[in-house]
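Across the two complexes that follow, chain A remains constant while its partner is chain B and subsequently chain C.
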Partner chain A sequence: MSFAPAQNPSGPPRRIGNFTGLKENTLGYLLITPTLSVLALLIFIPLLSVAWDSLHNKTFLSTSYSFIGLDNYRALFASPGTWAIVMRSLLWTAFSVVLQVIVGLVMALFLNRVFIGRAFFRGLFLLPWVIPVVVVAVIWKWILNDLYGVAGDVLMHLVPPWAHLAWFSDPMLALPTLIAINVWRGSPFTMVILLAGLQTVPHDQLEAARIDGANNVQQFIHVTLPHLRKILLIVLLVFALFNFNNFDLIYLTTQGGPLDRTMTLPVKTYEVAFKGMEIGASSALAMMMLCLLVILSFVYFHFLRITSDSR
Partner chain B sequence: MFNPHRKQNRLTALASIVPLALILIALTFRAKAEVTIDFWNPDTGEAVLKVLHEDIQGFEKEHPGIKVNLVNIPWSDIFTKWQTGIQSGNVPDASIASAAFGATLNSEGVLEPMDDVIKKMGGESAFAPSAKSFVEMCKQNGGFYDLPYVHNCVVLWYKKDLLQKAGLPVPQTWDELLATAKALTKEGVYGILMTSSKSYVTQHTFYSLMLSNGADIVDRETGQKVLFDSPATVETLKYYKELSQYSPPGAGGYDRPEAQAAMSTGKIAMFIYGSWLGGALTEAGPEVLAQFGAAAVPHNKGQGSFMGNLVLVTFKAAKHKAEATMFLEYLMKNENYVRFLLTDPASYGPVTAAAIQDPAYSNSSQVKAVQGVIAAVQAQLPNAWVYGMPSPHAGELEGLNVIADVVGRVVLENVSPDRAAKDGAAKIQEIISKK
Partner chain C sequence: MKPKTVQQIVFVLGLLVVTAGVTSPFCWLLFCSLKPKAQLFTGLALPTNLTLENYIALFAHTEVVRFLSNSTTVAVVVTTVTVFIATLGAYSLVFFRYSGRELIGRFILLTYMFPGVVIIVPSYNIMSFLHLTNNLLGVMLVELVLTIPFAVWMLRGFFMEIPRELEEAAIIDGCSKMQALRHVLLPLALPGIVAVAVFAFIFSWNEYLFPLVLINDENVKTLPLGVAGFMGHLYVEWGPLLASAVVSTIPILILFTFLQRFLIKGIMAGAVKG
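Let's turn to the complex of A and B:
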């Protein structure tokens, strides 16, 4: 058995990196230049600008500012409030993603069955996802209002002690309430993706498992779930990013309150920038968010590679 | 070789080019003769926009050669827009602002003095006595940097039938307010609405109670000394928490829309809130408005309530300062000014004596519909104030909801009023110490 490097079967080996290679690739470079320019304009330059701002004491209140090194970051790390917000952001993300996937999976399993009115339910279940966030926020604030909300009236008959709960202003209830609304809104989308995945599960394998005596749960665990594994991992990453960056739902319902109990990093960044007028400090927060997301992505891809290698 | 078509083509081309050139020349001269001023407006209500458009048409008719470009930017964005405009050299020629934002802009040295406009209006004596504290707020070293435009203040709103049914008078003191709130909290009705959300509503209510107890956030001479942790503030926090017992449990999360909706349910007996609620109640219908009365905020050891306001400003770096000043003078002309006031008399209180005395204002159906509210506002305006003023960081204090956060900690988290006031004072000190 030879360990010699493989040769290009169609001719002599290409000399990549030298002038000939460069000339050959010129057209390619030219073709990707517009894309790179757009990326630079829309992503890299703003990103560098934010990184640069985070090293200055720039505010909206003054036209003059100076370089302060890592002072904005030091102030951030020294504040106990920052870590509480980071932990809350991670909690918000973890609970939202896990519940969105579980609820989405249950809905997908239900809609994967053959029954009359399936198409209608598929459309109905998707509704929360297609409603604009601002409408979702208004609807839920109205439903859960303790004075004139519909939920209060219903709960008065079912669980009277819950009828006048302050869903958005009780410090213990606000975050779980928001997570529940977020799950209500996000689950239909995970449902659609997982439903597409469920339809690729080979029927012959399910049939074989059934003949071997596997019940529904065993079929799901040993046949369906392994087939959905890659889709689930992608959904987990994408939804982790979506949820971590969620700003609109939280801001429109509680603005991070009560007492910062629903304050996450995106809302805090907005508050520091546009209410506190601190461009430098908010840029440091934004960079911190970016680092956390990069770490999350790195962990995910590492995990993905390990699981792929182990197959 | 002679080509008749070629000659014809030349003539056709000439015939096309000459009119085009003439149009271009005309447009160039027109552009040179015309000045366009940018006027930024954060008050984007439909009625306000209608009046502003009418004013612009009238002004342009009166001043041929000057055009006004009305740019509507909501309050949430306008401060950032001013700052980016200042940094890039593209400031508007004139703008509507608030006293707090005006103080910040003035501290940056970017505002054009308003003394000449006020001189043309008849000097400081043109302002009504009720606008005294507002006028003081717009001055620095004896000169005006803002032009006071309209103002209002927080009042005590009450549901007439609930008080009448209980045989209770409108409360005038803190003790009476507490007793009334307690007496009216029964059978699904809450005596008073006390929000503790991190919102302007909470700030307006709490700051009004602070003033009615003789407390304040900073000193009114320099705006540099923090007074927030005074015994009077601590007492106000305790009182606020006491009143909150008679408020709906979810009021901790109410912002303006929920608070206004709560008032229209008929389940709230009283609410310490801005006179601008009158606009929303008027929109809901005259029968809704008629259910409510307004009175001065009950007092304890002081007098006063939070003042909402609009001011007019021009910028030193404006391209057309003279024309912008002419436009502001036009807006302050009594007939135009009264027209603006009548768009929402509960929200837009006059600052000039001429407008108050003008029968077109005082005898109008719009004013008569909210007469009670206007009377309560007028009674309180001399003692009304904007929190954080005269600190140039008043706008930040407002935006960051610092005092609402303090209220939330006391009401929702049971932090001691003393501790919460001290922490709040430290936060305020940190903000106003920034350069």
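Let's turn to the complex of A and C:
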């Protein structure tokens, strides 16, 4: 992580900076204040409030509540449903991100060359990512409808037994269907980022590898991949977080159903608060989700440090 | 055939497959929204004619105009406020030397990926305390949480590309810090500011969770809430629903057509730097 150079490495310290030092710094603090106040007011204070609420038996139905210590957490950990939801969230995240990156990488390798209209296509491929998620939900609910969806018509010709599968309401199919939609939505975006990464791979190195007799796969593994490493790691982390935090897509298509088979932590947190009206329990879930995120990020960065040390 | 030609054919086929995979669901949505109501459910069979009757039904029988105007208001205000606050913030982070700058930068990066769902209850409580539930102002305020961290982070990337000497030269020439920002840095960072503005608009236009929590009055619903409402009816009116999905996409498409090169730059500044 590189921040702007703090001091000019060469030359004397700037006179101007010294002369107006105090005033200049005051202005600097002043300019960052709006940003920090928004974050403090709308993230930090709410976060403290969530932590506080998670220790109380608070509901939306009554104004009186009392301190119950860790009871909300105990109830959470005691319920087998919780672990199913945590596991499902992790599965959803892992499958989504791995497929988004692999599909995106394969597409990027295919399209990594100069051609007419490249900018146009690059923009086009970003569309699934930038349209409202509710539109994504409408599109796929319509296409995959088990009674009159066009997917059924197409499958009737290709794989007839699949023609009338209930993609969203079959307990076995719902999660894979949502992951597939998520990959459709995310992989063009990872592709565009990885394409930009591929442009940084030096041509002469690929050329040299080719002259030395490396085939395409060897060139990819020994030349391209090391150059892509940094950007791949960033994309993996950012998309893992995106997917883990995803609420809209799941809620707008299945609401966590059928039989909770697509219920993930964000959807559950919302449901417990605004359907179950239980603020305390929902806050405990939210805290747990946050802890999980922090732990996973730490593990990721730790792993990252180990692998980069060994290189 | 020469290997070069084979490669070219494979490439064109690949491009076709990817393009079809990405765009065909959109094309199908648009196509179906233009089908006559009676022929919506005929699958692949071609309709006898295309018509705007679904759009007419949408605008005549639903509140979609109100949803559109609500969404536009929210997105425009959120975008303006975000760009203003984030420009000052990013300027401060890159061109000043006070202590704690790095820490603040990291803190902002942390909030960048913050899951909104964690704070929905307090957000609702705060807005309800301020009497801002069922109020567009409440939605705008809360959505700043989504836009400001990434906007500051992205603009910071753009500012870092500007040589420090330019700002220093302006100050030696007698500009104040703020004048240097206005006359020297802003023109140079304009592509970044456009990118940030477009992203803020898109985020705000698309946002579903916070409006869902803060609004249940039909009159103040934003477009995604409205469309989700059409979808949630016991009997789904697919014609107007598909039309409403197309309508929700159009502003994004327009922004995209004209400004997509800025977006790519923005994505790279946000993703690669840091």
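FYI, the second predicted complex is superposed on the first by the 262 of 311 C-alpha atoms of A that agree within 3 Å, B and C clash if a C-alpha of one lies under 4 Å from a C-alpha of the other, contacts with A are read in each partner's own complex, and residues count from 1 in each chain.
In this text, a residue touches a chain if its C-beta (ideal position, glycine included) is under 8 Å from a C-beta of that chain, and two chains touch if they have at least 3 such contacts.
Everything quoted here is computed from the prediction, not taken from an experiment.
Applying the stated contact rule after C-alpha superposition, one finds that A:Met172 touches neither chain B nor chain C. Of the two partner chains, both chain B and chain C are touched by A:Tyr148. In the superposition on chain A, contact is made by A:His164 with chain B only, not with chain C. Once the two complexes are overlaid on the shared chain, A:Pro258 sits against chain B while remaining clear of chain C. Of the two partner chains placed around the shared chain by superposition, chain B is the only one that A:Thr63 touches, whereas chain C remains out of contact. Residue contacts after overlaying the shared chain place A:Val114 against neither chain B nor chain C. When the two complexes are overlaid on their common chain A, residue A:Phe274 makes contact with chain B and with chain C alike. More residues of chain A are in touch with C than with the other of chain B and chain C.
Residues 141, 148, 274 of chain A lie at the contact with chain B in one complex and at the contact with chain C in the other. For chain A in complex with chain C, the touching residues are 1-7, 14, 16-17, 24-25, 27-32, 34-36, 38-39, 42-43, 45-47, 49-50, 53, 107, 110-111, 113, 115, 119, 121-128, 130-135, 137-143, 148, 150, 152-154, 184, 188, 191-193, 196-197, 231, 234-235, 238, 241-242, 244-245, 247-248, 251-252, 266, 269-270, 273-274, 279, 282-283, 286-287, 289-290, 293. Remark: chain C residues 10-11, 14-15, 18-19, 21-23, 25-26, 28-29, 32, 40-41, 43-44, 85-86, 88-89, 91-98, 101-102, 104-108, 111, 113-123, 125-126, 141-142, 144-145, 148-149, 152, 159-160, 164, 168, 171-172, 177-178, 202, 205-206, 208-209, 213, 223-224, 227-228, 231, 238, 241-242, 244-245, 248-249, 252-253, 256-257, 260-261, 263-264, 267-268, 271-274 touch chain A in the complex. Of all residues in chain B, only 76, 79-80, 83, 86-87, 104, 108, 190, 196-199, 248-255, 258, 261-262, 265, 267-268, 392-393, 396, 399-401, 405, 408-409, 412-413, 434-435 touch chain A in the complex they form. For chain A in complex with chain B, the touching residues are 59-63, 141, 145-148, 164-171, 174, 254-259, 271, 274-277.
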